[in-house]
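Here is the structure we will look at, set down as structure tokens.
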């Protein structure tokens, strides 16, 4: 089953649905160690995306993803707008129209590289990168359950001390809670996996 | 949450519309409310553009006007604005001598301004990063210090330099010099409540305070039992002056800004000014310029920050230069 | 109670000392802190002396300076000053053209100013009573209306008249004219806490507001469920404009002052300005002058008041005249 | 027993003691319908009086009372400084050095007249006048218990609607609570009665 318009719509709807279903949770995670707005930010971004839903899903997958990324950058603000926007833009640029699992892994690498450059962050700094990294790895292991890997990676950020993101101001006090952006990255990955179904 | 608003979604728009209407002699609101700019621009001068999350009023839009900013980009509450806002503002106020972005050191702000600068084509831009908050320990790993109330001092002094005709490089260098000479520290007695969140960002017991709090209610150095104005002022002045001394900027003469966070009465700010000034004088620092009031707020948070700038003669003269903005005005 | 103070007993003294130090270019503190006066006096002009309870900062001391007050007497928190303070202030600023006392209509203030005027010998004094609060129904029995944020408008306009050389009778007549053209109404979202009392003056539920509240947290017209900015603005503007119309002062052009009570962020005040201005325009009133900020506060109370002054050409010109005080400054 | 220096000191101390013992109560009464500072105001005034205690009690009763009144006027501020100050000044002026019960009644009349003029208030307006009036009357009735009359008069203000004082802003809502100034006036009368002992 190729990633046709129906599939693209299903993909987008699944992402938006999980973000809005978890918005309050994301905000609460961010409130514990950041500034308590991550759910609101993501919701604002994807509401803007949904306002051009049909125009976006009409485009081929790479362009559609880049348009989602640009929309996030231009409407979210804060760290997450740029970070998630950059991830979508870089991944979209790297994807073919009908990606294989290997293509997806390469796209995830591209997203990781772009986010690292933009955010001057590295793995272990307690950000959404700590989900993208493990997911890229899982994509290369045919036996791996990507959704499970994403969720576990997000959980694992709880043990990290933040070096990037607002939680970094807490220094040692940042150990203990999950990273909000990591959690939303994982939710997006899970949504993509389930919308892609057999292809995932 | 009780607030003088209609719905959280429209606070920013209505507040900006009100602001622009109340100060229509000074400012104009850009299309889609992307920025606030001076009503009258001066061609040929370096344009100063700042911006950041809303909720810190009067920062930044309140400082748009003669002798200070040319434009300000208001983000959502406590959320940096987006690159298209910065690009639109730069386009609107470009006078041909380049754009200087004044950016508070938060990852969100820095990344969004970076993106805007990268996407800008054909316009010369520079940026000054403000990171005056001594509450955050600097280490090689960290994001560095937050930009807080010292931003007003940077914007005022660089604004005066741009107004007298300094070029882009000079404005940027001056901005960095002022930033280096400026340190701040804050204390919160209560949390703020973000309209969209609907409840306080954090919780403090009836006898607890957060020392070193950020202007978004971020945690600071430590929670402590509330003591009194003198003790707080001593803690804060000590942290600030030690830090300035440590970086070779120990002031002889200084500007002292006592900044309210939005929920603290002026009466208390003057008590803190009194206490802080005494502490500074005890350490041999002469307070030669003062500013007391709500300038960089955190919505309705109770508490205040102290900012000290080690003033040299040029900086003092530029501080005194004419300024005419909604929130800061003298000489005109 | 968490406040940026040392002990309640010393708040006033430390706050005044801080205020005088921060604004030493403009003001001087009188002996025993009985009054704050201009640092430089102008002989031959009518001297304007106001005063009242503290806790309303910047009122009144923040309005001492060129083009506004000559002296202000700070009482204890929410308590009128005493006759000896008023007499000492009058003596200090008497320029030979008489003293005009500007008095907010509270029994305590009125009685103390009355006593001072009776005890004054050899000095010509007049008084203007400010009673702009429409929340209080006037009846033959009552004390009449309270003086609230409209006081700033009276002090500014009469101050400009005194500065240009108007004589005592003219200043008094103008003060009465401005007062008649000025109406205010306030709303509280939370109580204030008087330092010496240590706990909130009154209690409001999480969804309750006090409509028509006074600037000491006195009860107003009614408790109501909190609605939103537009509804509140409509209630308040309606009460104000109806009242002005009822007394023959229906404005064509007006000054609109949105005054924060101390605990409300500027962002919300601009939302209220936006809402109130729309209501006024819907009733055919053009807002030609605006002031938005914390001018007559109630310590840390959250809420705001709206003040409307029906402006004639002379009043508008006097409003625009140069003023140079700690809290209000333009043209200089 | 004449009102000698010892007696004057006892009188003053009794007044100050009752005010400071009841300061919080007075503030609470005022908080219910006024602005919650009456106890603080009275305490501030009498603290100032006590700072010149010996100079005051050294004077003959009329001058001593006037000095108390002047001190209240110059240190209390608000309504009560002027009102209570005026009452003490007027009563002191009207008293002989060694007053009889009839002299006391005349002095109370003088205080009532002065307060009425200063405060533009009348009986039934829910102020301290509603204690001074009944006390003046009780002083003319040899059988009357003055202290009891004062206390009862203060209690009776609870049923009044305030026409003067900050409580007047409450209109009908002012019915129900006692008037703070009435309560403190009653406390002062009670203190005077007990300090005067046999003479009361």
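In order of appearance the chains are A, B, C and D, and numbering begins at 1 in each one.
Here is the rule we go by: a contact is a pair of C-beta atoms (placed from the backbone, for glycine too) under 8 Å apart; a residue touches a chain by one contact, two chains touch by 3 or more.
Predicted model, so just to flag it, every value in this text is computed and none were measured.
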**OP:** Could you tell me the least number of steps, going only between chains that touch, from chain A to chain C?
**Re:** 2
Original post:
If we look at chain B and chain C, which chains touch each of them?
Top reply: none
Subject >> Farthest chain relative to chain A (centres taken as mean CA coordinates) >> reply: D
Original post:
Centre to centre, by mean C-alpha position, how many angstrom separate chain C and chain D?
Top reply: 32
**OP:** Let me have the rounded angstrom distance from the C-alpha centre of chain A over to the C-alpha centre of chain D, please.
**Re:** 75
Original post:
If you average the Cα atoms of chain B and of chain D to get two centres, how far apart are those centres in Å?
Top reply: 54
**OP:** Would you give the residues of chain D that are in contact with at least 2 other chains, written as numbers and ranges?
**Re:** none
Subject >> Junction residues of chain B - those touching two or more other chains >> reply: none
**OP:** Chain touch graph shape: choose line, ring, star, complete or other and state it.
**Re:** line
**OP:** Could you please write down every pair of chains that are in touch?
**Re:** A-B, B-C, C-D
**OP:** Could you pull out which chain A residues touch chain B in their complex?
**Re:** 27, 31, 34-37, 40-41, 44, 73-83, 118-119, 163-166, 168-171, 173
**OP:** Please name which positions on chain C make contact with chain B in the complex.
**Re:** 2-7, 11, 14-19, 21-23, 54-55, 57-58, 62, 189-190, 206-207, 209, 226, 228-230, 232, 262-275, 277, 287, 290, 292, 294, 297, 299-300, 302-304, 329-332
Subject >> chain B to chain A touching residues, read off their complex >> reply: 53, 75-84, 106-108, 111-112, 114-115, 136-137, 141-143, 146, 194, 196-197, 201-202, 214, 216-219
